[in-house]
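Please go over the structures that come below.
Next come two complexes built around chain A: one with chain B, the other with chain C.
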Partner chain A sequence: MLGLYLHRDSAVHRLPAGAKMGGLLLLTAVVLTLPGAWGALAAMVAGAALLAAARLPPGRVLRDLRAPVVMLALLFGIQALLAGTGWQDAAIAVARFAALILLATVVTLTTRVMDMVDLFERLFGLLRPLGVNPAKMALMLALTIRFVPLLGDLVREVRMAQRARGVERNMAALFVPLLVKILTMADDLTAALEARGYDPADTGSQR
Partner chain B sequence: MIELRSVTHAYGDRPVLHDLSLRLEERRIAILGGNGSGKSTLARLLNGLIVPTAGSVSVDGLDTRRDGRAVRQRVGFVFQNPDTQIVYPTVEEDLAFGLKARRLPRDEIARRVAAALERYGLARYRHQPAHQMSGGEKQLLAIAGVLVLEPSHVVFDEPTTLLDLRNRRKVIQLVRDLPQRVVVVTHDLDMIMDFDRVVVLEGGRVVADGPPAEAVPAYVERLG
Partner chain C sequence: MLSTRDLVLCALFAALLGGLGMAPPIPLGFLPVPITAQTLGVMLAGTILGARRGGLAALLFVLLVAAGLPLLAGGRGGIGVLMGPTGGFVLAWPLGAVITGWLAERFASGTSPVRLFAVSVVGGILAVYAVGIPWLALVAGLPIEKAALGTMAFLPGDLIKAGVCAFAAAAVRRAGILPLHA
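What follows is the complex of A and B.
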């Protein structure tokens, strides 16, 4: 999973969210259009340089990249062995993904969620004529990022409660209380959003 | 002032509050009651999170049914579980959430957030993800997230229930020092002994109402 914002006093952190997202899109286009692995290698070098410039602790970055590395290894295996594309093409595909994940990690680790959400709210604003409410979309994005770790905690909590009662592996025993907890949490969250001044009818058009 | 006039509230066909009339004028008021007595429902009525099935609730003359948004700007609400109240991933961003929802200018948001970080001892957690904080720190953040909006009243729904002794003391002191009018729903009797008024609920009705020295013994007796 990509990392959450990690505060450091660096030029990369100070760059506007729009510039970083624009740069990411541009480099994605470069990586995907250049033939062979050259684009991917160039993007990886750029990503590594940006990580160094952002003064992010390598240990933390590597920890965030553990899961994607496993995923990429699986992808390589499937491509090379099962899809029959040959190991060279599989390596190029994996190198491209790795470069993009590295660049995306730089963006997420150096950009505050609020700045990212503001950017997406402005972009979603372009879809207002289609009936899209940019404020709601932006809030949805922020809540997703905030509640993913919380849902992980809930799963662990329910699992532990089941184990304490002697249930080791039972999907129904996990799913039902988890669903109840999530629905209760959603209910409380709705009330909390209202209590903190969020107005669901607000379209964000004044911003 | 918060005023409840002949308030009745039911969830479906299950009545929770029965014909309640109260004028909440004192600076610090506690609501006591056993489980299912209707105290959390009463708390949520006070800032228009729910509206009564019958009767009315008003805050400084504003009706919660008609002027819900304006009422919620005056009455802050702190929930028992801070996890459901924290919206943004990091401390600084979450403090800014309510201010942004009110469309305050950026420099005003930055000023208020910086002041809240200092005042509530959260400055060193500024960029920390909320899910990595302890229960007590999260509760402080949830409270700060409400107080940064500068409401004139604050309603707390069991704010110390999930806290250890040290954090419980911290929250009690914070509530004690608040200049706002405060309504606290709690089972924590130590917290409310110096409050101005204690309202005791049972089965959705007021069964005792007065200073702590009178109302708390009545509550203890009923529970015993």
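What follows is the complex of A and C.
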């Protein structure tokens, strides 16, 4: 399953996922606490600099950014027309989030999905005292990644079958067979995991 | 503790959310825009799996979107989308599934579609809007009542989804394939 990651040979790509996510969180806090649009401006400059440093094709990045930016612009336009006054506050909010979306997109485009998943798994490790089992979370994430194309096919298959029967507009006719298939699949997959020696009581702490 | 079966069910429902995002939107005829069924998946995770497993399934999905998999409808994904104007409506899914599941475990553990519908509306619509609307207001600098008004455009579609969820969950329960606390 392909992620949104875009490979280039750059320092930004080589930064560990934790550093990028930490930096993003930090910058988000800074941008949201700095008064006025200064934080947003700084974040935009930082985002543009990172984009250049990561050697990402600007066309592709702009395409990824188009939907949220168009939506923000539309919302802002409507508001400026309706409200008249008070549009400055809205402009600041829009600028701030446009900048943060740019930074977040840079992080997503330069970090492999598996590196992010590894980062999540380390974070789950920190939550162990709260009763979170990092080994189980890791297994579930891996299973989900494997199952997404499977379920995509399943949804398509059931929809084709319903179209053949002329009931493609009937959502209930889609979901009942879909759910029955998923629940029976769960039995088979559980048996398959256990047959391969998976033990849910194993906390993974010995390894 | 989560059994092997629980792990598999959580992963399957998380993947179902992704699979629903990949499928082309369903035309309903009387609504102008075709609707995507991902929020229906959230309601189903809650009603069928219950609060704990349903919430976990939605959480797994949101984590993988944040990790950069293009799992949202239209092949979107990444942290940028989650931080965007409509990000709150996705970030709220784990909460929505937990609330749907919690209510379903208490008030809709039978096969009554009416109860299942009510539970799906509260968890899958109200709870999700309760996070999504303030988020939209914050990101777009909108007054909250305008954000709420704009969101109402999605209400008819979401109500239909709650209805489908109620019908489908009731049918699955009647078939006895998976009781709520299996």
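The rule is simple: the second predicted complex is superposed on the first by the 120 of 207 C-alpha atoms of A that agree within 3 Å, B and C clash if a C-alpha of one lies under 4 Å from a C-alpha of the other, contacts with A are read in each partner's own complex, and residues count from 1 in each chain.
Here is the rule we go by: a residue touches a chain if its C-beta (ideal position, glycine included) is under 8 Å from a C-beta of that chain, and two chains touch if they have at least 3 such contacts.
Here the structure is a predicted model, which means the values were calculated and not measured.
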Which partner, chain B or chain C, touches the larger number of chain A residues? C
Going by the contact rule set out at the top, does A:12 touch chain B (first), chain C (second), both, or neither? neither
Where does A:108 make contact in the superposed view: on chain B (first), on chain C (second), on both, or on neither? second
Mind working out whether A:67 is in touch with chain B, chain C, both or neither, as first, second, both or neither? second
Return first, second, both or neither, reflecting whether A:193 touches chain B, chain C, both chains, or no partner chain. both
Once chain A of both complexes is superposed, is A:37 in touch with chain B (first), chain C (second), both, or neither? neither
After the superposition on A, what does A:50 contact: first (chain B), second (chain C), both or neither? neither
Name the contact category of A:27: first (chain B only), second (chain C only), both, or neither. neither
Intersection of chain A interface sets (partners chain B, chain C): 4-5, 112-113, 139, 143, 145-146, 150, 153, 185, 189, 193-194, 198
Note which residues of chain C are touching chain A in the complex, please. 1-5, 7-16, 18-20, 22-23, 26-29, 37, 40, 44, 48, 56, 60-61, 63-64, 66-71, 76-86, 138-143, 146, 150, 160-161, 164-165, 167-169, 171-172, 175, 177-178
In the complex with chain B, residue positions of chain A that touch it: 4-7, 112-114, 139, 142-143, 145-146, 149-150, 153, 185, 188-189, 191-199, 202, 206-207
The answer for chain A against chain C in the complex is residues 1-5, 24, 28, 64-65, 67-68, 71-72, 75-76, 79, 82-83, 89-94, 97, 100-102, 104-105, 107-109, 111-113, 116-117, 120, 133, 136, 139-141, 143-148, 150-156, 159, 168-169, 171-172, 174-176, 178-180, 182-187, 189-190, 193-194, 198, 200-201
Which residues of chain B touch chain A once you look at their complex with the stated criterion? 44, 47, 49, 69, 72-73, 76-77, 79, 81, 83-90, 92-93, 96-98, 101-103, 126-127, 129-131, 145-146, 149
